[in-house]
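Lettered A, B, C, D and E in written order, each chain numbered from 1.
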Amino acid sequence: MADRTFAKFTFFKMDPAWRRRDPVDRAEDKREFLAACDDFAEDRSLRTYSTIGTRGDTDMIVLSQSPNLDDLHTLHVVLGQSGLAKWADTPYSFLCTTRVSAYSDENARPEICVSERKYLFLYPMVKKRSWYALDSDERMRIMKSHIAVGRKYPDISINTTYSYGLDDQEFVVSFEGDDPMDFLDLVQELRYTESSAYTESEIPIFTCLSMSTARALDALDGTAVSSVAAVERT
Amino acid sequence: MADRTFAKFTFFKMDPAWRRRDPVDRAEDKREFLAACDDFAEDRSLRTYSTIGTRGDTDMIVLSQSPNLDDLHTLHVVLGQSGLAKWADTPYSFLCTTRVSAYSDENARPEICVSERKYLFLYPMVKKRSWYALDSDERMRIMKSHIAVGRKYPDISINTTYSYGLDDQEFVVSFEGDDPMDFLDLVQELRYTESSAYTESEIPIFTCLSMSTARALDALDGTAVSSVAAVERT
Amino acid sequence: MADRTFAKFTFFKMDPAWRRRDPVDRAEDKREFLAACDDFAEDRSLRTYSTIGTRGDTDMIVLSQSPNLDDLHTLHVVLGQSGLAKWADTPYSFLCTTRVSAYSDENARPEICVSERKYLFLYPMVKKRSWYALDSDERMRIMKSHIAVGRKYPDISINTTYSYGLDDQEFVVSFEGDDPMDFLDLVQELRYTESSAYTESEIPIFTCLSMSTARALDALDGTAVSSVAAVERT
Amino acid sequence: MADRTFAKFTFFKMDPAWRRRDPVDRAEDKREFLAACDDFAEDRSLRTYSTIGTRGDTDMIVLSQSPNLDDLHTLHVVLGQSGLAKWADTPYSFLCTTRVSAYSDENARPEICVSERKYLFLYPMVKKRSWYALDSDERMRIMKSHIAVGRKYPDISINTTYSYGLDDQEFVVSFEGDDPMDFLDLVQELRYTESSAYTESEIPIFTCLSMSTARALDALDGTAVSSVAAVERT
Amino acid sequence: MADRTFAKFTFFKMDPAWRRRDPVDRAEDKREFLAACDDFAEDRSLRTYSTIGTRGDTDMIVLSQSPNLDDLHTLHVVLGQSGLAKWADTPYSFLCTTRVSAYSDENARPEICVSERKYLFLYPMVKKRSWYALDSDERMRIMKSHIAVGRKYPDISINTTYSYGLDDQEFVVSFEGDDPMDFLDLVQELRYTESSAYTESEIPIFTCLSMSTARALDALDGTAVSSVAAVERT
């Protein structure tokens, strides 16, 4: 197994006009999208999240991962062929990779977002340039106190990925947890750490509901793919 | 009753093309939206505000509350099925929660925006990072003088909610009052307090007219749902 | 008569597709809009400005005033019912009120923009927070020298209104004059005053041609409402 | 002849849907636009530039000039009646005037952009407020060294206009030249002058190809108005 | 051969509605675009990149080069005549030129992006004005340590171009490489150099897959131009 992976967060927002389509057409649009996701997921990691009820500018997020960037290109070509892509915009997109951290002894992760927790909290991050001008001991000291706060919340898992030179942000940070209020308390506590002063930007912030691709698609128009398919086949 | 709640402000802006639809179709679009709101409001809090005449980028705001975030997801899936959602954009969206304040002895509120006052004044807020670097006594001292100004305006109720890590802002602040000029005077007076220097951002600011969901929907096209329904049934 | 008023600047930009409509339909669209304005203006102040030829992002501005905010809501509900609203966007919107100034002895104005001058120069303004941290004598001193520059241009009338807590800006400032080059010279001279350093933002800036609502509507498609109406009736 | 003039840069970007129209319809759309321009140009200055191949957000710029602002309003009303306006957006718009410079002995220009050079390099500019706080000798000294750099490039003509209080920028600066690489070298050299530190903003920057209105219109769809007209008339 | 060249990066994003067109129509749209590119490439440099799977706001980039700016204008007029342009937006556009660097002994390049590497990493850059206020020895010293980091990654080729006065950015920087993770490591290492503190802006950042124009067009809808053409011809 590869020791690093590319991860791509692709955001979809449906055109309101899509909701005016016939339910059978919408079901077919979703089935084509689902088939592309299922095919990719056979031997690579693909996860889906819904942001309906938490954001207004995006409906669904697909996180696809592969050690081979061309794999992600191919997946998105196929997604673009689906009926859903004919009525969807892509308001955000984050490309990133895993790598060895300068502040821990862990290896680079071959895959991120592997938990079964209910929610994903996701944001792109850029540090101030003054951070990079600190000497390395100073950065290590500051990061250690930052990490110590995180350790007080053992039910929250963190996934840090890197985008330097590949996309607009420097990091894509995602946290998995079952209790959003728990995560809110963690982030508020982090505001008081020294590291917080070195953040240039960490918005937009997405609260995401983790669910199967089929369920996330069903949430787009409140209709289960399977039930319409059944009706259609009769 | 839960001691904290999630609150979701969802903003709707109608596509001008919706106004070209047949009045009977528009009435049906609104009835479906109203039914979804009424259903949610049976055992949870849902309030509606109109911004027609006060803003140009949004027409209506729905504030839904529940201690369970999945409830808000479900409500928005159902709203997305309504005819109105086929012609509406969501230009803003704020997700937040109540919690115990560091600066008062009150408990976390199980519900916000409970008054019968005529107007809601609403904005997302982010503080400068230098605020968080102050020591806690200093923050307490500054907040007390800020709060003292608010106390001079007893006819204005404040609702502070928190969004750290859940959405782009740190706070969603909303005030209820019957006299907008009274609120303007309060905000102007707050500019001269020490706390004001620690505000990074507090726009956009929404002046909202509190009204029933039915009336807010009627304001969208100047037509009462009930009257058109009556015509249609004959 | 009330001693303070709400003022609402509402900006309209026509969808290019509106220009493809039949002239008779466009005339009807404009007549409905005109009727709503005329009705409001019977006992309240409503003025209209054209920005065709001066801006690219807006075509027409309606300034409506009332001491009662609900009046402005009702006007905009009725405007939204007009045919014109089915093809128009609202790229900007400023809500503000008059009030007693801290820097003069005048009462609050019951109405703004009352001159017959040809042009209106309009912008929203936000001051730096450091302005509010000055002591009041210092602010008074700085404002007096600012006001002294204005007095050198007696043919320019100023209208200052306040938006603290009601809308995104702190002030909406509008000047009336017959000679834009005269106003340009005034603004350039103000750059060199001490007050200028305390401006956080004063854009966008709108040069507006004052005209009757009928003429401003006619400018939208170069066609006089009355002439088309006459044709249509024959 | 007037000693000052208003100048209006109006930018046009065609809706991709316009390219789907019938060639005969497109030719008629362009002829109507051309007629409005030719009519204005009979006794006032009107120049046209194409940005196809140099920018992605605009296709064509019309620079119209008159000492009377109402003239520019009227021109844009007539342009709005043309078929082209039914399929065009106006992504940028700059209103400005000529005036006597504080840093030279020249009179205000009655007209700008009078050369026959091939390219126009155009941008709106805003200076930092700290510039205006310098004393006038200091500003004169800094401007003189700035102007000295310009003099090293005699094949580049500069046109400075003013927008204080009339539009968002303070200046609209446009340079005419035959060699873009020459202009690039000039701008790079200006970066090292003291005046450069007082620039708040000088984007967007437009490289424009000067051409007749007819040729600029032909470039919109690669079709000569005259040839289609000929075909249509047969 | 010319010793300097203009380079134009033109970005295309397909309207989702294009994907609803008949496959035969889409194939024709692409063929027309391909023909315009092939024609230009006969005696000038034209390269194509796909960003499907790496960005959400753009699908394809065409890099065209010529020592004659009018050549680029003509190419874009012809591209605008293709069927693809009837359904495409141009979300970004960068115009730039090669020139002699102040920090190396190399001549200006007559052509950029000449390698056969798999990926292009591309971004516009603006330096802080404080950079230009440094004396030239200081700038040379800082650039040499910056360049030294780049030399540690021999498998990454850099292409620096200049846009001063021609477009919004000062530089367009593009790197060619076969391993995105290698490039990420290089960019991260550059953060710690002194030059990094003088960067005002270097976003957006595009990770681009280098491919033939035909393949980049095929990726737009997952269909090979040639195969559809074959079907169509039968």
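Observations on the model:
Rule of thumb we're sticking to: a residue touches a chain if its C-beta (ideal position, glycine included) is under 8 Å from a C-beta of that chain, and two chains touch if they have at least 3 such contacts.
Every value quoted in this text rests on a predicted model; they were computed, and no experiment measured them.
Put simply, the C-alpha centre of chain B and that of chain D have 44 angstrom between them.
Averaged Cα coordinates give chain A a centre that lies 27 Å from the centre of chain B.
Among all residues of chain D, none touch two or more other chains.
Taken pairwise by the contact criterion, the protein chains form one closed cycle in which every chain touches exactly two others. Neighbouring chains touch in a ring; in the direction leading from chain B to chain C, they appear as B, C, D, E, A. For chain E in complex with chain A, the touching residues are 16-17, 19-20, 50, 52-57, 119, 121, 175, 180-181, 183-188, 191-192, 196-197, 199, 203-205, 207, 209, 219-223. Contact residues on chain D toward chain C in their complex (touch as defined above): 4, 6, 8, 10-11, 15, 69-70, 72-78, 80-81, 85-93, 95, 97, 99, 129-130, 132-133, 162-168.
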